[in-house]
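You will see two complexes here that share chain A, one where it goes with chain B and one where it goes with chain C.
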Partner chain A sequence: MADLSINLAGIKSPNPFWLASAPPTNSGYQVQRAFEAGWGGAVWKTLGDPILNVSSRFAAISFNGQRVAGFNNIELITDRPLDVNLKEIYETKKRFPNHAIIASLMMEPKQEKWHELVKRVEDVGVDGLELNFGCPHGMAERGMGSASGQVPALVERQTHWVKEVAKTPVIVKLTPNITDITATAEAACNGGADAISMINTINSLMGVDLDTWNTIPHVAGKGAHGGYCGPAVKPIALNMVAECARHANINIPISGIGGISNWQDAVEFMLMGATGVQICTAAMHHGFRIVEDMIEGLSHYLDGKGIKSVSEIIGKSVQKYSDWGNLDLNYNIVAKINTDVCINCNKCHIACEDTSHQCIDRLTDKNGKPYLKVREEDCVGCNLCSIVCPVDGAIDMVEVPYELPPMTWNERQSALSLAAECKIDSHK
Partner chain B sequence: MSDYQQYLNERDKLDFFIQKGFRIHAVHEHLDGASVEFYHPASKERETLIIGTANARKYFSSLLIKQNLGIK
Partner chain C sequence: MEKTQRISTANLERNFQEVERALTNQEALEESNRCLYCYDAPCIKACPTGIDIPTFIKKIASGNLLGSAKTIMSSNPVGASCARVCPTEELCEGACVLNHSTKPIMIGNLQRYATDWAIKNEINLFEPGKPNGKSVAVVGGGPAGLSAARELARLGYEVTIFEAAEKAGGLNTYGIVSFRLPQAISYWEVDQVEKLNVTIKTNTRVGKDVSVKDLVKDFDCIILAVGMAHVPDLGIEGEDLEGVYDAIEFVKETKSGRVSKDFVGKRAVVIGAGNTAIDGATCSVRLGAKNVKILYRRTEEEMTAYDFEYEFAKQDGVEFRWLTAPEKIIGNEHGKVIGIECIKMELGEPDKDGRRRPYPVEGSEYVIPVDAVIKAIGQTRHLELIHALELQHDRGVVLVNKETYQTSNPQIYACGDVVFGKGNGDAMVVTAAQQGKLAAYSIHKQFTAASRAQ
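Coming up: the complex of A and B.
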């Protein structure tokens, strides 16, 4: 069986599955239940000056029968006194010495306040710290969370303050509510962070009730934006992890967060550069025992590929992720409809005819039986037909042999600029 | 005419000049596509083609790269 243990910037855990800082890690009771179920680590719900919460905190979007495709919360950081949390962290660490406990911290941007919090938290034996520069709701209105995390200078300065006194590894958790997450990731590096984690939740309003016209959720008839997470945000998170992983100036480990719901998602994040993953919504939806499937699935996957340690897959797909200008313009794929599998629902034809390149013909064979056929010369390989097709295996996207040598946009522009500058010796 | 047919027409015109010994001298890109200027080293003739289809614009770009690399 493959070794699932990871070491993220010196924080060791028996597997890469950590609970993210959130309601599931609110108390010692919960975290100990999670460790009993098999979770490798837990990032404790954010500690700081204890807050006051509202009632009616969560909302979710169900889409086409899938419950909790996206999840939203307006809950703030811990509302329990620091000493209560620290006592439970101490007890939990004592009971589970080989599991990772990371304390998530949030504080107003004052050096002495950060120092005090870090010292008190590290005294109880946490394995690391995660600075919450990401929560977008509530705390941000008070200058903390994403309000700090959207300003690279503040990220760098506060990380530096924490590193002045921290004895354990410091992870900086980044907000996705920013144009370019690599800017704040780089700031965290400059501040001395040992690792970064991403993404925190995305600003969101889940909906408006059509009868009452109240927001969803609402608190006595009023709403405020929340933080969006769950499966719907996974592609956004995966891109941000990958962008940081391939950035030349970001060379610290990444803890991947955002819509990870199963072992396959975890593998994708690790291939794109994450050393481990943090999970919240899936645990809130299905309970702590989902980690059993994750561990089993990951083990089988690695064994099937003959990989001895999960650490071997970290970052293996990063080099395959690049800028659009480095993609090959002369690479072509076309759709092929397998008529023996196709049910002639015509969804591909309608999608192509109405919204793509009008290259799927509805034909009738000599026996009067209708069938669909792609005019390959007009197909641009957009994938839309295979995306909307309801039958697995009915449409394959197949590679077309190269007619022209590979050529990227950047290579093309270089060649054209040579021509424009009359550097081409066309007189020979 | 389908995009593909238009591409074939434009590709044929590009090939015609290349086969006649012309070389791509300059390319000007604009809202209607690209103007490809050809120059014949022996006869000193100049010709210009307006190329509109995306595939033909890829095609002359590949020809230009080959030309820059000295590939016939």
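Coming up: the complex of A and C.
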């Protein structure tokens, strides 16, 4: 069986599956249950100055009958006294010495307050710290969370303050509510962060009730934006992880977060540069027991590929992620419809006809039976037909042989400018 | 889903291919994602072997098919067969909470999907345990015996299965019609057990090819899992005529791979209305018989066949003659069956077992012209072997401690149909598998306790 243990900036855990700082890690009772179920680590629900919470805190999006495609919350950081949390962290660590416990921290941007919090938390024996510069609701209105996280200078400065006193590895958790996450990731690096984690939740309003016209969720008839997470945010999170992983100036480990629901999602994040992953919504939907399949599925996947340690897959797809200008303009694929599998719903036809390149014909064979056929010469290989197709294997996207040698936009542009220069030269 | 394929008289072999279509990848994915993944789920409790159903389904959804197959087979060593033969609507699917909101998850078909994957990929799911120096003889290689052997082998016991037939698997190999359960599935389960270093001695009948005395002497423990024997005689005239069959033997013959043409165009009657009777009837239809009737001395109410089996037989065109008992089988001058004399019955008061006792209606005799009579009125017991082992029993039902499956001889345990008596619910493959597991654990507990005491 493959070795699933990871070492993220010096924080070791028996497997890459950590519970993210969120309601599931609110107490010692919960974290200990999670460790019993097999979770490798837990980032404790954010510690900081006492807050008050409201009632009615969560909401979710169902998509075509599937529950919890996306999830949103307006809960704040821990509402339990720091002493109680610290005592429970100490007890949990004592009971589970080989599991990773990371304390998530949030503080107003004052050096001495950060120093004090870091010292108190490290005294109880955590394996690392995660600075919450990401939480987008509530705390941000008080200048903390994503309000800090959206300003690179504040990220750098506060990271630096923490690093002045921290003895354990410091992870900076980034907000996605920013135009370019690599800017704040780089700021964290400059502040001396040992690792970054992403993404925190995305600003969201889940819905409006059509009868009461209240927001969803609402608190006594009033709503405020929440933080969006769950399966729906995975592609956004995966891109942000990948952008940081391939960035020349960001060279610290990444803890991947955002919509990870199973071992396959975890593998994707790790291939795109994450050293480990953090999970919350999936656990909130199904309970801690889901980790069994995550561990087993990951283990079988690695065994099946003959990979001895999960660390070997970290970042293996990063080099395949680049800028648009580096994509090959002369690579071509076309759609092929397998008439024997096709159930003739005509969805590919209408999608192509109305919204793409009008290259799927509706024909009739000699027995009068209708069938669909792609005019390959007009197909641009957009994938739309295969995306809307409801049947596995009815539409294949197949490579067609090169007509011209591979050439990217960037190569084309530099060739053109070279040619232009030559022209100028020849005129001399 | 289409269930019944057209019966072909031209291609009889085709009639014996599995009728239930396997789920496609897409169907399995959609169905597995429909499962709620209940906590402390009722389907688990409804499964006699306690398979963690939500977990195996979740693993299908996540693409962890190896894990899914392991989850199934670790709880049920004949889980691939059970995926096909379990009365799921009375067990897991009947307990599915979605019965109360939409429609239940197709648990049986998903279980088949995951185990089919393991079969197709030739996966060995388990490892033998570290040898502990103890040996166990398992008499009978059917579901109960295989299940006990598998668990004992995983615990480190040296296990030898003694199997009278040519192949192990028992009912799954020979007794369940191949259009429900192809033999290949049963063979795979046998193979999984054999790969754990379990010795399977086939063509070896205990009491004949190997003596009971040797068994008792050579092994630390014995598990008796011989199931039941042949169908008893009807006790009427004409039973020795050509064209009279024992339903168990009859079904076994259809699983040999050689499909006989003898039934094409013939008329057959089956006596009895249990699941074996249904098998006899549907096999007859599939062998090309032009008319097949089931004769039962009670009514539809009292019949013991599962509802889905009854439905299946009706779809196959089997006719049912209720309140009809055979009086005499009539033969021609060549000793061949040409008819059966029956008498009409009526029901009296409920019997000790709660079923209403049938009484013949005087003067109602009539003859049904037939070419074949298939007897399916239950099975006899392996009395000779039970006597040779000197075990306490009640008319051939070996008496065991209900928790430990230990018999009156502390060295001998018994499980499966051999301990199955009246009023114990259905004699299901899945129950036999569970009893095999429990007997194995009891043996382990006994030895562990003994070694601790030393």
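Note that the second predicted complex is superposed on the first by the 418 of 428 C-alpha atoms of A that agree within 3 Å, B and C clash if a C-alpha of one lies under 4 Å from a C-alpha of the other, contacts with A are read in each partner's own complex, and residues count from 1 in each chain.
Simple rule for what comes next: contacts are C-beta pairs under 8 Å (C-beta built on N, C-alpha and C of every residue); 3 or more make two chains touch, one makes a residue touch a chain.
Quantities reported herein were computed from a predicted structural model and do not represent experimental measurements.
> Does chain B (first) or chain C (second) touch A:300, or do both, or does neither?
After superposing on A, A:300 lies in contact with chain C but is clear of chain B.
> Which of the two partners, first being chain B and second being chain C, lies in contact with A:203: first, second, both, or neither?
Touch partners of A:203: none, neither chain B nor chain C.
> Go through the superposed model and pick first if A:262 touches only chain B, second if only chain C, both, or neither.
Only chain C; A:262 stays clear of chain B.
> A:317 contacts which: chain B (first), chain C (second), both, neither?
In the superposition, A:317 touches no partner, neither chain B nor chain C.
> Let me test your reading of the model: by the given contact rule, A:416 touches which partner, first (chain B), second (chain C), both or neither?
It touches chain B, and chain C stays clear.
> Thinking of the overlay built on chain A, is A:292 touched by chain B (first), by chain C (second), by both, or by neither?
second
> Looking at A:339 after the superposition, I want to know if it touches chain B, chain C, both of them or none. Which is it: first, second, both, neither?
A:339 sits against neither chain B nor chain C.
> Should A:32 be classified as contacting the first partner (chain B), the second (chain C), both, or neither?
After superposition on chain A, A:32 lies in contact with neither partner.
> By the touch definition at the top of the document, which applies to A:392: first (chain B), second (chain C), both, or neither?
second
> State which residues of chain A lie in both footprints, the one left by chain B and the one left by chain C.
none
> Please give the residue numbers of chain B that touch chain A in the complex, ascending.
Those in contact with chain A are residues 2-4, 23-29, 39, 41, 58-59, 61-62, 64-68.
> Contact residues on chain A for chain B in the complex?
Those residues of chain A that touch chain B are 329-330, 357, 377-378, 404-405, 407, 411-412, 415-416, 418-420, 422, 424, 426-428.
> Using the touch definition from the top, list the residues of chain C that touch chain A in their complex.
Within the complex, chain C touches chain A at residues 24-26, 33, 37, 39, 55, 58-59, 61-64, 66-67.
> Which stretch or stretches of chain A touch chain C in the complex?
66, 262-264, 286-287, 289-290, 292-294, 296-297, 300, 304, 391-392
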